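Naming follows writing order (A, B, C and D), and every chain is counted from residue 1.
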Amino acid sequence: MKDQSLTRAKNPLVRFAISNAVPILFIILLIFAVPLSGFSSDYLLNEIITRLGRNSFLVISLLIPVMAGMGLNFGIVLGAMAGQIGLIFMLDWGVVGIPGIVLAMLVGTPIAILLGLLAGTILNRAKGREMVTSMILGFFINGIYQFTILYGMGSVIPISSNKLLLPRGYGVRNALDLLSVRKVLDNMWSIEISGVSIPLGVFSIIAALCIFVFWFTRTKLGQDMRAVGQDMQVAATAGINVDRTRTLSIIISTVLACFGQIIFLQNIGTINTYNSHDQVGTFAIAALLIGGASVAKATIPNVFIGITLFHLTFIVAPRAGKELLGQAQIGEYFRVFVSYGIIAISLALYAWRRQVEKETERRQAKAAIKAAIEDGTGG
Amino acid sequence: MFESIGKLIEKAGWPRIIIALFLLSMFAIAPFVNISIGTSISDTIVRFAMNSVLVLSLVPMVQSGCGLNFGMQLGVIAGLIGAVTSIELGVTGLAGFLTAIGIAIPFAAILGFFYGLLLNRVKGDEMVVATYVGFSSVAFMSMMWLLLPYKSPNMIWGYGGSGLRTTISVEGYWLGVLNNFLSVRIGNFFLPTGTILFFALIALLVWSFFKTKLGTAMTAAGSNPVYAKAAGVNVDRMRILSVVISTVIAAVGILVYEQSFGFIQLYMAPLLMAFPAVAALLLGGASVSKASMGNVIIGAFLFQGILTMTPSVMNNLIKSDMSEVIRIIVSNGMIVYALTRKMKVRK
Amino acid sequence: MDEKQYLLRMENISKDFFGNQVLKDVTIKVGKGEIIGLVGENGAGKSTLMNILFGLSVIHETGGFQGKIFLEDTEVNFASPFEAIEAGIGMVHQEFILIPGFTATENILLNRESTNYNVFVEVFGERLRTLDRVEMNKRAVTAIEKLEVQLDPDMLVSEMPVGHRQFTEIAREMDRKSTKLLVLDEPTAVLTESEADTMLKAARKLADRGLSIIFITHRLSEVLEIADRLIVLRDGQVVRELESSKTTPREVASLMVGREIKDASSVRSKDNEESEIVLDIKDLWVDMPGEQVNGVNLQVHKGEILGIGGLAGQGKLGIANGVMGLFPAEGEVHYKGEILPLNNPVSVLSKGIAFVSEDRRGVGLLLDEPIDLNIVFTAIQIQGRFIKNFLGGLVKWRDDKEISRVAREYVESLQIKCVSEKQEAKELSGGNQQKVCLAKAFVLEPDLLFVSEPTRGIDVGAKSVVLETLRRQNREHGTTIIMTSSELEELRSICDRIAIVNEGKIFGILPPTADPADFGLLMLGEQEEVKSGV
Amino acid sequence: MGREGDCMKRNVIRIALVVVLIALGFGLYVLGKEHQIFVDNKDIVIDGVEYKSENTIKVVVDNVDLEEVKKGKRKVAYTPGPWHKITAVEILPDGSTREVERKFTLSPSDVAVVNLVALFEVENGWLEIQ
C-alpha cells in the first residue's frame, strides 16, 4: 500500500525501474567504475564474498524493526557495543577459537537485551521520529560505553589482562588484537573454487539467520509486528500490546546486531575499542537502502544485493578516483559521501513520496465521490 | 514553598538542573584543586563567545517549525568557502574577515534555499533528513577541497601542490579580529569584547526580525501552521526563509568561531558540528519547537562552561581527561531528552 | 415480549460529564434476534450510551455511570472494551478499524489467529507460535459465509472497495463464536447505495440467525426498513419507542428534533429577502476530510444571519472552510459581485471576510502565544495594522503597546476571563478561548463573517455571551454572518434563515419558525416529506 | 486449569535454559581457555636422579609445531582446551630418532611446563603445573 502510486504505473518495465531506481543507479555507476579501477574479477569476487560474510548478519538485523514500522534502526550500534564488550571479556579470560566466539556472544547477549529494552522504551516515547532518536541514542550510549570502558574497566569491572589495559592500570587500550579468534568462523568450513575461497561456515550461519527471519514473519509475534508497523491504533484496538511489540522488535534487532558485530570483528581481526562500532549503523543502513529497501519495506534480497553493490562501490571508488582524478583520497571521500548521501536521498524520497501519496489518495477519493454522485443524479 | 520548587523544576526540566548543579559544583571545587576561577570564567566566556553565533543560527528554524537544524553543516560549509576564499585573495585583518562573510553569505543563501525546498517536501521527518544532508554535504565538500583550484601556499599541501590542508591557520589574516577588538585583559582574565558585541549585534538583528510582521508570521507558522494558513501566511515560504536565515547565520557563526579558534578546519572536521550547538540550545531551555535568545545565551554558557571546567577540574581530581566522554554524554543525552518529550501540537 | 427473552437490558442509565447531564434515566431492551434502531441528533447521547455499554475508559475516568446493565439476565459492568467483546458484544465502527496491508483473512482474525505449537513457545512464550494459514482461511471463509456476501478472503484491504471493507469488519465480529449482540455505528455512511443494500440484507440475515443488532444511523429510510423497533433519543432521554412498521419518517424526525422555540421574541422579523446578495456560492466542492462538500449552491443576503445546520459529517463545516481557502475547493464564489478566488486565504481575508473556525485549538489559536498576539495576528498579516515605523520606516516592528490596548478592549467588551492580555491562550477555558477567536475576527472589521460551531464545548454563561456578541455585531456593524452549528435550537434562536446540509449538499432552507419536524426531515435526507415549502 | 501448569512448566524450562546457558558458558570457558605450555629442553632432577639435556628435540604440542628445541632452550606453545597431546622427536647424535607421545589435561587457569628430557625418561614428573 505504501508503494501504491508506483505500482500504478502502466508499463511494467517502468514500474520495475521506478521501484528499483536506487540499485539500478548503482549498477550503472559500477559499470563505469569497475573497469576504471582495473581490479581483476577474481580479486573483486573474493572481496565481495568476504564482505558478504562479514556484513550480512549486521544488515539483516535491521529487517525486524522495519517490519514493526520503526524505520531504520540506527540503534544497532548499541548491539555492536554489546558485542564488543563480549569480545573484551573473552580476550581477558583468554578464551580462544570458536568457544571464544560463542562465549563472547553469550556474554554480549544479556547486555544487548538490556540496551535493546532501553532503546525500545525510549523509542516508544518518540513515536514518529524513531530514526533520529535512535541515531542520537546511539551517540549517547556511545558516551556511556566509552565511560564504562575507559574508566570502569580495570577499576570497577574486573579486567586483569595487562595486554588489554592501558598502562595507567584501568581503561581498555585503543586497539585490541583478535588474533586468537581471527577468522575462526570463516575457516571453520571453507572451500575454494578456482581461487575464490568461500567461507561456508559463516554463510551457513547467515542462511540459518535468514531462515529464522523468514520463520519469524510467520509467527504470531511477527504478524503482530506487521500489524503494529502498518497501523498502531488498529493493532491496539485489536488488543495487541503495541509498545511491548515495538520494544521486542528493537531487542531482537539489538541482539542480532551484537552477534553481527562479533562475526564482523572476527573477520577483521582487530577491535578499535572506541571506533569500531561508530559506523556500523550508517554502513549497514546505506547497504540496505542501496539494495532497494525503503523505510517501510526491507527484504532479505535487499540485504544481499545491497551489500554487494555498496561494497563493490567501496572497493573500487578509491582506485577509480585515483585513475580518474589522480587522487585516491577523493575515492575515500566519495565512498563516505555515497553512504551518507544514499541515506539522505532515500529518507527524503520516502518522506516526499508519502506526502505525494496522501495528496493522490485525497484526489482519488474525491473523484470517486463525484462520480458516484453524478451517477446517482444522472440515473 | 515546595510546590513552587516543584514547579520550577518542572519548568526547567531535570537535565538542565542537574547540569547547572554539576557546573556549579565544578566552580566550587575548582579553588581546592588549584584552578583559578578567573581563568576558568575567562575561558568559559571566550568559548561562549566563539560558539554563540552557531547556537543562535538554530533559532529561526526552530521558530518556524523546521525543528532542530541537524543540517547546520551546510551553513558551516558556506562559511568555510568564504574563509578559504578570503585567504586565497590575501585580504587581511577586519577586511579579510568581512570579505569572508561577504563571500559566505550568498553561498549560504543559495544552499539554504535548496535545503529549505527539500525540508518542505519531508515535513515531519525534517530532522533525520537534515542530519544526513549535513553529513553528505561535508563528505561532498571534502572532495571539493581536494579539487578546487586554490593556490595560496599557506593553504595547500606542501607536497603535491594541490588540495587544501586539513587545518589552515588564520594567523596573519584575521586571527582574533573580533576577539581583540576592545578586549579587556586583566592578568589571566581575558574578555573578548568584540566577539561578544558581534554576537549581541546578530542576536539583536534576529530578535528584532521576530518583532516584524514577517518574523511574527514565521513564529506563527512554527507554532501552529494551520492557524498561520488561516491568517493568510504562506507557511512553506516562511519555512524556506527561516532555513535560509539559519544557514546564513551558521556561515557567519563558523567564521566567528575560526577567528577565535585560529584555524580553519576542513574535510571531515565539521561533520558533527551541529550536535554540540543543538545540545547547547536545548540545554538553554529551548524545545524542539520553541527557542528564544535567552535559551541561546544560557545554553551556550552552560554548555561551554561544562566543556571548559570538566577537563581542568577532572584532570586535577582523577588525573585523567574525561571531557570528551562527558561532552558526548551531556550533548547527546540532552538531545535524546528533548526528542522524547511530548510535543504539544504534533498529532 | 416476555421479560426473560431480552438479551440486553440497560436500565435507568444516567451519566454526567462534570455536571453536564448527557444521559438521563435511559432504559433500552434488546430481544434475541431483534434489530433495534437507535436514532437521535448529534449529542443526543447515542455514543455515550454505547461507550457505557462497552466500558470505555472515558466513562470510568469521568466517574462511571448510574444504572444497571444486564446481559442475558446477569448484571455486567465492563472495565474495558475487551471484556465487552469477551462477553459477546461486537462493535462495527463508522471509520474502519482495519490494517490496509493485510488481507481480509488477516484482518478478520487480527490478534485471534489460529496458531500451531512449536518448541520455541516453551522459552519465548505464546507469541512465537506459528500461524496456521490453512485453518485461518477456513475460519475466515466460515465467517464470511455467515454474512452471505461476496468477499475474497485473500484480497488486501487497501485494494478493496469500501463496501468490502465494511463486510470485513462485520466478518471479524462473526468469527467470534460468542458474539450475541452487534452494534453497528452508522455502517452505511460511507457505502454506495447498492453496497448499503447488501449490507442491510446481511444484517437481516444475521438477525434471523438469532443475533441481536443495535443499529445506529442517520439514514431514516434504512432504519425503518430494517429495524424491528426504533428508539429515539433526544437530549439524553428516550423520547419514544416505536414499532418501525407503525411509524413514518415525519414522526421520527419530529421526535428527534422536537423542540418548540422557547424564546419566540428572538426570532427576528427583519426581511432581508429584498436586500442585495452579498455572497453567491455556485457548485462548491470542498475536500475536507469527514466534512466533504459536494456541490453546494447558496446565496447570502446582505445583513442577514444565515444558519447552516445538519448532522455531523454531512459537510456543513466544509462550506466555510472551503470558501476561506483552508481546504482544497472547487466551484464559483462571487462576493459583492466579484469572483472570489478559492484556495487562497489571503485574498479572501483581504476582501473583508473573516472566519471563526470550529477547531478552536487546532486552527483558531496559537496556544503558546499570548492573547493579544492571537487577537491581532491576522490583522497584522492581512491589513498591515499594528505596525510601527522606526528609523524613518527602515525598521517596522509590531506596535506592542497598541496591540495590548486593543486586546484589553476586547478582553473587556467580550468579558474574557484572564489574568492579563499577556496570558498564553492555552491557559484559558474553552469559552474564553472562543471569545478570543471572536475578537480575532472582529478586529478585522469584517463585512462578512463565517462562524462555525461558536458554542461547542463551552459553558452556558459563555454561550449566551457569544451569541449576544454575534447578534450585536450583526446589528451594530451590519456584518453579514454565516453561522454553522450542530445545535438547531441555537440556530433557530439567532438566524434569519437556516440552510440544512445533508450528504454534502443543501437540502433546503427554512425560516427559523418552520416546523421542527421539517428540520429533522431535511437533516435526515427525507426531502420529499417536508411540508412547509423549501 | 492447564494455564497455570503451563506457566509453571515454562518457568522451569526457562530457568533450566538459563542454567544450561551459564553452564555452556563455563564449558566454553574450559574448552576455549588458552594455555601457555612451556617446553624445556633442559637438565632436570627428578627423585634425586638427574637427567641431562643433550640433543635437539622436535616438538609438536596439539597442532602447534614448535619445530626444533635446541639443547638448553625453552619454547612456548599457546593452545586452548583442557586436553593436550605432546609429541617429541629426539634427534640422536647418530642421526637416528626416537619418538614419544603423551597426553595430559589442564584446568582453566593452569600454565604448564613440560620437560622434554624427562618426557623421554620417566612416567611422572615431566609435567609441572604453575
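Keep this in mind: contacts are C-beta pairs under 8 Å (C-beta built on N, C-alpha and C of every residue); 3 or more make two chains touch, one makes a residue touch a chain.
Predicted model only: the values in this text are computed from it and were never measured.
The busiest chain interface, judged by C-beta pairs in contact, is A-B. Put simply, the chain farthest from chain C by mean CA position is D. Central chain by Cα centroid: A, whose mean Cα position is closest to the mean of all protein Cα atoms. Inter-chain spacing, taken between the CA centroids of chain C and chain D, is 82 Å.
A straight line joining the Cα centres of chain A and chain B is 31 Å long.
Taking each chain's centre as the mean of its C-alpha atoms, chain B lies 48 Å from chain C.
One simple way to say how far apart two chains are is to compare their mean CA positions; for chain A and chain D this gives 42 Å. Touching two or more other chains at once is no residue of chain A. Every pair of chains that touch is listed here: A-B, A-C, A-D, B-C, C-D.
Looking at the complex, you find that chain A touches chain C at residues 1-2, 4, 215, 218-221, 223-224, 226-227, 230-231, 233-235, 237-240, 362, 365-366, 369-370, 372-373, 376. Those residues of chain C lying in contact with chain D across their complex are 122-123, 125. Interface residues of chain D, counted against chain A in their complex, comprise 21, 24-25, 28-29, 31-34, 78, 80.
In the complex of the two chains, the chain B residues touching chain A come out as 70, 118, 121-125, 127-129, 131-133, 135-136, 138-140, 142-143, 146-147, 163, 267-268, 275, 320, 322, 324-326, 328-329, 332-333, 335-336, 339-340, 346. Put simply, chain C touches chain B in their complex at residues 324, 326, 345-346, 349-350, 355, 357, 359, 362-369, 373, 377-378, 380-382, 384, 387, 395-398, 426.
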